[in-house]
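Common to both upcoming complexes is chain A, partnered first by chain B, then by chain C.
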Partner chain A sequence: MTPVLEIRGYTLDYALPKGAFRALDDVSLAIARGEVLGLVGESGSGKTSLAWAVMRHLPMNAREAGGAIRLAGDDLRGRSEAEMESIRGRRVGMVFQDPSTSLNPTLTLGEQLAEVLVRHRGLTRRQAWEEGTSMLGHVGLKLPAEMMRRYPHEASGGEKQRVVIATAFACQPELILFDEPTTALDVITARQILDLFARLQQETAVASLYISHDLAVVGGVACRVAVIHRGRIVEEGEVRRVFAAPRDDYTRRLIAAVPRPDRRLASPAPADEAAPPVVEAQAITVEYGRPSLLADLLGRRRRFVAARDLDLAVRPGEILGVVGESGSGKSTLAKALTGLNRFAGEIRFAGRRLTGARDMDRLYRRDVQIVFQHPDSSLNPRQRVAEILSRPLKLYGAAAAREIPGRVAELLEQVRLPADFARRYPHQLSGGEKQRVAIARAFASHPKLVICDEVTSSLDVSVQAAVIELLLDLQRRYGTAYLFITHDLNLIRQIAHRIAVMHRGELVELSTVDEIAHGPKHAYTRALIDAVPAPVG
Partner chain B sequence: MSLTFLLRRGGLMVYTLAVVSLVVFGITQVLPADAAVMMLGENATPEALAAVRERLGLDQPVIVQYGRWLAGVLRGDFGFSLRTGQKVAPVMLEALGRSLLLAALSIGLMLLIAVPLGIVAAVRRGRLADLVVSLMSYVGVSLPEFVTATLAVLLLADWLQLLPATGYVPPTEDPVRGLKHLVLPVLTVSVILVAHVSRMVRSELVDVLHADYIRAARLKGLDARTVLFKHALRNALLPAITIVALDVGYLLGGIIVVEEIFALPGVGRQLIVAIQNRDLPAIQAGALIMAATYSAVNFLADIAYAALDKRIQYE
Partner chain C sequence: MSELLGRLLRSPQGAIGCAIVALAGLTVAFGPLLAPYSPEGLYPLARYQAPSAEHWLGTDQYGRDILSRLMVGARATIAMAFTATAIGTLAGAVIGTTSAYLGGRADEAIMRTVDALLSVPSLLFALLIVNLLGKSAFNALIAVGIAFTPGMARITRSVALAVRKQDYVNAAIARGESSLYIVLREMMPNVIAPIVVEMTIRVSFAVMLFATLSFLGLGAQPPAPEWGLMVAEGRKFMHLSAGMIVWPSLAIAAVAIGFNLLGDGLRDALNPRT
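The block that comes next holds the complex of A and B.
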């Protein structure tokens, strides 16, 4: 039987000022009807370029250097743009990464679904609207008729992704490309979308190409998996086989880098539980939104409570994980602890009570440092690394002026960067290297507590593994405590001693890792753990 | 859009105008002009001057004068012109009508030209059409209106003799002649606006065409035309509303010049005549009316934006 999608020896270059860049190199793969092929790779590996190539929607500077892309036998490379317009959406559907940017903000959800039915199935607008409504019901949206009339900003991320999926399935295509469809979603929402995908896949027997950087997700949805690295498919095979016994070296490293809760990385918790905490938060509450004069006059006060009555003590040398979905208040807590947010309640530190940013003096700042999620925005692009690292040294008087160059070199060595990086600007570094500089900056003052706010979320899995290893090494060396904020439950179960679970601004559970593993107390924690895709193999 | 938003936005406008009224009144106070001398001439007796000052209330404290003036303004009474002795308000409002006609026609013409130009430049980005539009825009932006006006008069009125160079005939009296008199002023005002707005439409549209949802629309199989007009244009034109409203500020300034060049008796020309004659009530009225127009247009633009873009929720 002819496969639905067959790619043979496909090679793609991008013409760049520096010369040609090979994005895809002799790629071959095939997907049969009813089959899900997972395509796994890190950023820049070429996985998305492959999707554009299949869709015949390549950037202007793309140069195809050979190969064939066949949809049910006919080569798409020979098709004209007009022919492709009638193939896209009808015979090949696509689901995108972020539903909040892939939907037009000024058109209703219904309009964006119905227009595909009008375009490809020749329905009238009224018929398309009716059909669309029933489709939204089919993808599990309650009140589909109302959802049709809503604008994207009036729906949640999960609801929007369901609309995008309904649109992709609308014309019963032979092939659907999924480009990281759950990456932008919260854990529990992502789980529901994956369940929906599995159901629709079963019902329609569509051929699916499922692109993702997340091996655990791919392991859960795909039958076969292809691993792509620098434009080449380095390994392909049945999911269980590839994950259990990878043949390629890169695949092995990739799989080894995936966080697995059963493989502990951190050393045991510090024995002394009675030691006074480094920092203790007491009844911290943060509200957003400034009260407006008019709202006051009209007697309507709407303030959003981002964190409510948080009690939390970080012990010396421990790694305290904070997990929760986006908007649960994790980062709000970090901002309160560093004085970036106004808060009610108090922070206890070294026998003192701090009630706001004004109380946080140099002593507190020296001992409590923070590393942010995006090194791009937390490192000043106009300063060289040497300058970035010497500022905390001067500020906290950690080194005399003439010792500073030497200390900068030491700091770089600590985070395993070459000493000559001191002369570089942040834009000359990779994402992982930038985050190492941010970590070095935090450690410059020998802090007792470092707050890590999603420090690995924007990094590829292999880079993440290296950064985590570095953080654990520093923790062992200096006995620094971490408040480690993340949405990645598998990762935090690997490294934390205790885990705080946040939900809608409240701390719903604070337990040791063992307690979480052997039966979480709170129902929400249980839901969260159940929703996380388990690593395969 | 909530009632609160309307109230807040309206309140802001009232506040702005209150401040403007203070400034306008303050400026006319420090101008070296004595209303009584203006009325009676240099040779008037001190007694006569004192009598006039008392009649006009000029001997009262400034704050009382401001209060009286403001009370009048709120009733639509800007006092009497020192130059003609007539009531200021009707004259100014009539002039405002002519200026608004000029402004409305200019904006209309500008939109007719600028939006298609911007679209062409964005869609054919980096090609010849884009280059031509960009060049024209730069030329248009860099030429001051008195140069554009002079060129237009030379070409269309002097050499080709197609249109009258100056003057004004109310279109209500004689539509053909009235419109002929408006063509040159409207052209002059539009040129700079076209240049500005077409560049803006181009850059907004270029941004939007790179958005994920545009790619998503293409990959749903929609043709380029539908994607452009249904998905992209609306999002690209929304910011244009705000820019056009801000351009009204320029328009009011530019109109003063253009009205003077073409001897079109609009509010700008009235203001110039008032300033030349130190006709304080007329200056106050002209300045305040211009400020009110500007505020009102921006108020309407904000409301239009909020109504068109459902995401905007000004509290």
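The block that comes next holds the complex of A and C.
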């Protein structure tokens, strides 16, 4: 039987000002009917380029250097744009990463779904609307008729992704490409989407190419997996075989880097439980929404409580994990502790009570540092690394002017970067290197507490492992406490001593790692842990 | 920097814009030295001449050489336009960035004031200021500078708002930096690129605004060889010699287009992603 999708020796270059960049190199794949092929790779490995090559929608500077892409035997490379238009959506569907950008915000969900049915299945609008409603019911939406009339902004991320999936399955295509369909969603929603995918996949026996950077997710959904690295497929085989006994060196490194909760990385918790906390948050409440004079006069107050009555104490030398979905108030807490948000309640620090950003003096600022999620935006693009790193040294008077270049070199060495990086601008560094610079900046003042706000979530898994190792190394060396905010439960169970679970602005559970492992107290924590895909290998 | 210039010259509009602006710059610098005749030398015997080998662009109603007047007048026209734009840009950039950094009520108050000023067309606004201050070239410069400030403040603020949300500004606040340091060292360098682009485009508006003011008799005063004034004076003698209007008008148009193209080219060169 001919496979649904067959790619033979496909090579793709991008013409860049500096010369050709090989995005895909001699890629060969085949997917049979009813099969799910997982394509795993880190950012820049060419996995999304491959999806667009199959869709025949490549950027202007793409140059195809050879190979064939066959859909059930016919070569798509030979098809004209007009022919492709009737193939896309009808014979090949696609589900994108972020449902909030892949849906048109000015059309209702129903119109977007019905459009596909009218165009490719020749239904009338009325038929298409009815068919669409039943499809939305089929993908597990509770009120399909109402959902059809809603606009994308009136639906949650999970609901939107269900609509996108319904659209992709609408014309019973032979092949569906999934490009990181759960990456932009929260853990529990992602779990539900994965369950839906498994069900639809079984019902329709469609051939699926499931692209993801997350090995655990691919391990759960795919039959076979292909690992792509710098445009080359380095390994392909049965999921279980590849993850249990990887043959390629790169696959082995990738699998080793995946966080596993049963493999503890951190040193044991500091023994002295009675030691006074470094920083203690008491009844911290944060409300968003500016009080407006006019709204007050009209008696209308629209405030959103992002964090309610948070009590949290960080002990010296401890790693306190904070987990929760997006919007649960994790980052709000970090911003309150660093004075970036107004808050009610108080922070206790070194025997003093701080009730707002004004109370945070130089001493507090020096001892409580923060590292942000996106290293691209946390380093000023117009400053060289030397200037970025020397700023805290000058500000806190940690070094005399002539010592500064030496101290900058030391800081760079501490985060395992060469000293000549001091002359570079942030855009000349990779994501992981930038995050190391941000960490070096936080450690310049020898702080007692470093708040890590999703510091690894924008990094690839192998880079993440190296950054985590660095952070743990620094923690051992200086006894710094971390408030480690993340949505990655597997990761936090590897490194934290205690874990705080947040849900809708409230702290629902605060337990030690062992307690969490042996059975969490709160129902939400349990739901969260159940939703996390089991680690591979 | 040289990389930026390379990218700028590679785009057609950037290359043409650069060429025209460079030519204009040379004229501003060396025009008075190179001009074949004195701009105010009267030759009653050689009035209303058509272009010839002696007078390349012909002569005007007093027999003055039009080419020489254009070359000398470049200083009054282009240098003035550039200075006025620079004044407006600087004032606008400081107001806009500060407003974005402060946020809240202060931002609201500053921006509503700016909006109110923006509702007055810049020509009318400049006319108003010149009428208040009295007519002279210097007052026209101040007027154009002030007329440009609200627009630049608005543009700067929109850029600065995006910069304000960046984590490096948050990091600076969390580090305990002073507001002055954050506005000048963290935010300003990052808003400057789009502002430079906007400024080059505005120079072309300023050239035309100056020409208009002079044309209306509110800017430079005769016998200054300012281009707008030359057009205004030439209007009366249009039926005797069309060149008296055509050449200065073409010069104004060329400079305006040159700066506009340079601005477009810079926009692309500074933002390689678009």
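Rule of thumb we're sticking to: the second predicted complex is superposed on the first by the 536 of 537 C-alpha atoms of A that agree within 3 Å, B and C clash if a C-alpha of one lies under 4 Å from a C-alpha of the other, contacts with A are read in each partner's own complex, and residues count from 1 in each chain.
Everything that follows uses one rule, which is that a residue touches a chain if its C-beta (ideal position, glycine included) is under 8 Å from a C-beta of that chain, and two chains touch if they have at least 3 such contacts.
Bear in mind the structure is a predicted one, so any value in this text is a computation, not a measurement.
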Room on chain A for both chain B and chain C (clash or fit): fit
Touching partner for A:T167 - first (chain B), second (chain C), both, neither: first
Which superposed partner A:H153 touches (first chain B, second chain C, both, neither): first
Contacts of A:S377 with chain B and chain C, given as first, second, both or neither: second
For chain A as apex, the angle formed with chain B and chain C - C-alpha centres, to the nearest 10 degrees: 30
Touching partner for A:R362 - first (chain B), second (chain C), both, neither: second
Partner chain(s) touched by A:R119 [first = chain B, second = chain C, both, neither]: first
Touching partner for A:N104 - first (chain B), second (chain C), both, neither: first
First (chain B), second (chain C), both or neither touched by A:P392: second
Contacts of A:R90 with chain B and chain C, given as first, second, both or neither: first
Shortest span in Å between Cα atoms of chain B and of chain C, once chain A is used as the common reference: 6
Doubly contacted residues of chain A, that is, touched by chain B and again by chain C: none
Residue ranges of chain A in contact with chain B within the complex: 55, 57, 85-90, 94, 96, 98, 101-107, 115-116, 119-120, 151, 153-154, 164, 167, 292, 294-295, 298
In the complex, chain C residues that touch chain A: 104, 166-168, 170-171, 173-177, 186, 189-190
Touch list for chain A against partner chain C, complex: 290, 335, 338-340, 360-362, 365, 369-370, 372-374, 377-383, 391-392, 395, 438, 441
Residues of chain B that touch chain A when the two form their complex: 4, 7-8, 11, 211-213, 215-223, 226, 230-231, 234-235, 238, 308-311, 315
